[in-house]
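Shared between the two complexes below is chain A, which pairs with chain B and chain C, respectively.
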Partner chain A sequence: MPATKNTDMPFSSSLAPRPSEAGEPVLRVEGLGVAIGPAERPVTLVEDVSLEIAAGRTLCVVGESGCGKSLTSLAIMGLLATPPLRVASGRVLFEGRDLLTMEPRERADLRGDRMTMIFQEPMTSLNPAFTIGDQIAEVVRRHRDISAEAARATALEMLRRVRIPSPEKRLDEYPHQMSGGMRQRVMIAMALANGPRLLIADEPTTALDVTIQAQILSLVRNLQRETGTALLLITHDLGVVAEVADEVAVMYAGRIVERGPVEAIFDDPQHPYTIGLMGSLPSLAGDQERLVTIPGSVPPPERMPRGCRFSPRCPFAIAGCHTAPPPLAEITPGHWAACIRAPLEAFVGAPAGEAA
Partner chain B sequence: MSIALESAAQQEAAVPRSRFWGKLLRNRSAAIGLTLVGLFLLLAIVGPSLVPWDPIATSWTTVRKPPSAAHWFGTDELGRDVLARVLSGARASLTAGVISVSIAVAIGGPLGVAAGYFGGWTDTIISRCTEALLACPFLILAIALGSVLGASLTNAMIAIGIAAAPIFIRLTRGQTLSVKTEDFVEGARAIGLPHRWIIARYIIPNIFAPILVQATLIVAQAIIAEASLSFLGLGQQPPAPSWGAMLSTGKNFVQQGQWWMSVFPGVAIFFTVLGFNLLGDGLRDALDPRES
Partner chain C sequence: MSTILEATDLTKHFRSGGGLFHKPTIVRAVDGVSFAVRTGETLAIVGESGCGKSTVGRLALRLLEATSGSVKFEGKDLASMDEDALRGLRREMQMVFQDPFSSLNPRMTLGDIVGEPLWLHGMGSARERRERTRELLSIVGLRPEHAQRYPHEFSGGQRQRIGIARALASNPRLVIGDEPVSALDVSIQAQVINLLEDLKDRFSLTLVIIAHDLAVIRHMSDRVIVMYLGKIVETAPTAALYAEPLHPYTRALLAAIPLPAPGLRAERKLLEGDIPSPANPPSGCRFHTRCPFAQARCREEEPALRDAGGREVACHFYETLPRADAERAVAIPESAAKRRRMALYREHRDRQESDAAAAAPAATAGRALEPSA
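Let's look at the complex of A and B:
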């Protein structure tokens, strides 16, 4: 959706997001690396991650547990537990300004206002000591110079926008009086209260049951359409990706292995890992008897292979795969894959799973 | 709409509060503790005016008289009414208990939160000093500090407060460490809140309950400490009454069968301390979300 939709928001104009400069992505991450351990002997957990999200677009970052998805999002937000974790390299450009060189104070001013985040666990993400109305109002008052009544009115308006029934009553309830789905709605209300340009959602539906998941996803998507917010969605659920993504970045062992429009990733995956992921999706229509699995497991960060990190598990690996990390190369316009053997059709006709 | 909102607010807010009181009062020991503490509080406030005797007026005609209709608790070695002195002593004991614990919380709370929240060097320095203080038994530390500061009730309260502070440093530090890792604190950082705001609204309200429980229990210990210091002559100075000081003089006459001078202040200490201990235990149970 184009950013011009902003004016439709029922907020006062001061709360509406400013349109970003034409063509400039809201978020551009260049060569981001996250490391842990002593500076002389760092263990790299995330390496050379580059991403880009334009206003109103949704980028899904997918990958299995421990592949660095959450670390990447925390690094973007500036919420890494430092020490021991630290950003080792790269730039994070938010609306054209590098967050990593910014004063911590200035960065805190952006958080919760221009860029916000929703966490995985709604049951523990709200302060049990205050009512949810107080907590939503708190986000607004942290970043806007408005009265307590106006903040409360905004909180009420936000509860309405996230479709919480009888919001007047809910405003004065404590988190423990609400269900998980309701709390996640409250988290979304808090995240969107200031009309952010970028919303990072770290597995927002993982802790919820399936029927609620769909509701929360469609809520996020609708609100995003209304506000033109860029959405970075972290997930390991390919069903979610198919549902909401415009673009997809597939991460494996701390690196992006494939990146492109959602259609390209689903219809024509290029990296063997992505192919394996797609093969592991259960399907109602298919006549496959067993789900395809990827043999082996992700190597621990201190014992990463020198070449392609997927090469030990890859059925298509050749000698060249083990010597140097493959660069992300553009296979078709906008569709990048970090595999020296891509496009695979040129070499073999069989999908990854059958070779296993 | 604002009226509807307000009444809804009151109803909703009333639920957890009434649940807390209900739980507290259903707990028998807590109810007894609350009654005892309330009773002594009441006696400390209105008690002295209920008795026709002046707690510090001496009388040569009534020296060391056993309990009688006129002097229910008897009289002491200077002819003063023991009941009047026990009632005014309640004021000294409760004041000492509450104020010294307030001092301990005021010192220990901020240090503990700082150590737990900021970690690193702050934590190392505060924790090592705390451990050094904790190596000394509480009462001995209080007596040592009291004798350094000089004999007076105020100094005794300060000494007890300082001696009890390490307990609160340890407690708040531990509680802060555990609350700090909660998702909602990370959430607070994700909305750009500064540290002091996170501490004030996310840490302190969520560590308040265990500190309240501990404070109630320490009030009991502080009352004993005040009595001990007064017993040793380091607390309340004569002629002002204090349970500890009364015990101290009364003990000289126990062997002559004049038990009332020491038994009544002793019983008063016993029940006050018991009351605070029962109340503290009851509060702990009532504030524990896992107890139904």
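Let's look at the complex of A and C:
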């Protein structure tokens, strides 16, 4: 297990989320940074990421390839490949305790029990040499002092709960005998077997066909409702976000550029990147002439611009955008955006076509 | 409208496995598929994994030999052609592949990759080919001076542009794109979709787009073929298909798409079960194992593709099915704030683009969409 050596990291962010009214959040990340390379010349891959999730809530982290969404989730789970990657700053509070300063053994006890994770490709996450019954039972026995029979009974019960048809038969099958959708159900069964407080799902439906994706999303939602697990879902798909999220964090080039309740993000998008991303989506209504685009592509991490990381591509960029990274500022209550020109109409005026 | 490509009763069976003691399994990837591509249209072929859509694309260019059935390009039967004749014809029809990382030779420069079809088809002198290559690069929004570079120096979106430039090199009239944008990030995907649409207009291309993303297809195509397990289940003009899908599978497919609108979130009727294996497809209608409306006849008798007024459906009962009222509205309600910011973005984006074009006159031959190197 990779051990994190960051014992007393200074808390760098001035913009940590406020504790929710619902009480202590299950997960609270403050100013998390992930870096690679030598200590004297580190390349920052994730910078100053702060987020929190309360019990029973779903936070979606959305962004394109290389935005740092998966690195963030791996850092939270303590699964970063260290070295070369390392947590460079911040705190990760799980039920109030900092995971980064915890003994590796203690952290390993939490993982798979209180906090669990599912990945995009279920085939590579399952061991091809063991039956799925054995694999689910193993997760249970790793953390619970129970007999093999009881663990097997739990595995069977879990297969039932993720609605796998003929679970008694499936218990003794191997991963290769199942379809992609069924394997992802097995992964979910495994992840929920110990009744975790936090489930991290990294692109759980990306490898699946759309009709199977709909089944899995609905399953996850229903199970979450029953168990009150906090869900951190990583995705690139704004459709999936709209479907499951309570809160959303939009990431670009290693930073959170916008954060807020799901309705606010979709109905009142503030950051130019979020707006461009939504304009890039083809619509099912067929009402667009030409798609809006974001020019260029994400700069490589070692050549990140000094100011706002989106500024080289941003149609609204002004001189001030290129000098310093914009702070994540609260635009409306609970809705934050890292853009010095948000809300746009206050800075650039109304669109030309609009009658006052 | 004339027909540029016609496929009749195309069938492709793959043998898989088998050996001394095992009988090989026959995978019926494509099973009796007929369709026509009209000159100048964009035709989409859509379906989930294993429906045979990619195989159809490859059969249409005879990159794979069909088990039976025929493909005619402007009336000429591809199967009866010898290699020379086929190579000549391939100038007219080209393919763009899904994965820009594995479909470009990493040891060749951009210039060689894009210029190779010209050389293969013996088009022009070496100098003319070089000129043409540079022109092609600028047409797809890359810089002509990049001709000396190698694919690994470019991002996914730029590589897909390279693949498109290569496909265009021989002045084809038909381009088949096999998931041409599905490996790309949303923002890059939009750039490439716009590029393909520009090129289609500019060079009067006929496009066949093979894809699984129904929103991309809605945006790009004029007509849609929906496939399920090696069969066509529905074909219709795009607007009609999305307004009222007739086949239960098409309905389920459209209902399953998560819409980027949290306000439209609702518990929906979902398809049960998995996609069956094409090695062992269900009897009768192949969709009957998952169809919410299946009856006894569906298990026994395979439905033929039949006329449904300007479109075709392969369902015994589509006329009597309950109206598609369970279907969701696909138009996304837009808040005033979002509409206004979208308009602002569009405005400033246009300004940004014309500024970039003014600053870099060298790149004006194509649309300078990706100015960064």
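Descriptive notes on the structure:
Keep in mind that, in the parts below, the second predicted complex is superposed on the first by the 324 of 356 C-alpha atoms of A that agree within 3 Å, B and C clash if a C-alpha of one lies under 4 Å from a C-alpha of the other, contacts with A are read in each partner's own complex, and residues count from 1 in each chain.
Convention: a contact is a pair of C-beta atoms (placed from the backbone, for glycine too) under 8 Å apart; a residue touches a chain by one contact, two chains touch by 3 or more.
What you are looking at is a predicted structure, and each value in this text was computed from that prediction instead of being measured.
In the superposition on chain A, A:277 contacts chain C only, with no contact to chain B.
Contacts of A:296 after superposition: chain C is touched, whereas chain B is not reached. Shared-chain residue A:305: touches no atom of chain B or chain C. In the superposition on chain A, A:79 makes contact with chain B only, while chain C stays out of contact range.
With both structures placed on the common chain, the touch criterion links A:143 to chain B but leaves chain C unconnected.
In the superposed pair of complexes, A:109 makes contact with chain B only, with no contact to chain C.
Once the two complexes are overlaid on the shared chain, A:37 sits clear of chain B and of chain C alike. Looking at the superposed arrangement, the partner reaching more residues of chain A, out of chain B and chain C, is C.
Shared contact residues of chain A, touching chain B in one structure and chain C in the other, are absent. Taken in their complex, chain B has these residues touching chain A: 1, 4-5, 8-9, 12-13, 16, 182-184, 186-194, 197, 201-202, 205-206, 208.
Interface residues of chain C, counted against chain A in their complex, comprise 48-49, 155-158, 185-191, 193-194, 197, 212-216, 218-220, 238-239, 242, 252-265, 267-268, 270-271, 273-275, 330-332, 335, 337-338, 340-349, 351-353, 356, 369-372. Chain A makes touch with chain B in their complex at residues 77, 79, 108-113, 116-117, 119, 121, 124-131, 138-139, 142-143, 168-169, 171-174, 177, 187, 190. Those residues of chain A that touch chain C in the complex are listed here as 64-65, 165, 179-182, 209-215, 217-218, 236-243, 245, 262-263, 266-270, 272, 275-288, 290-297, 299, 312, 315-316, 344-345, 348, 350-354.
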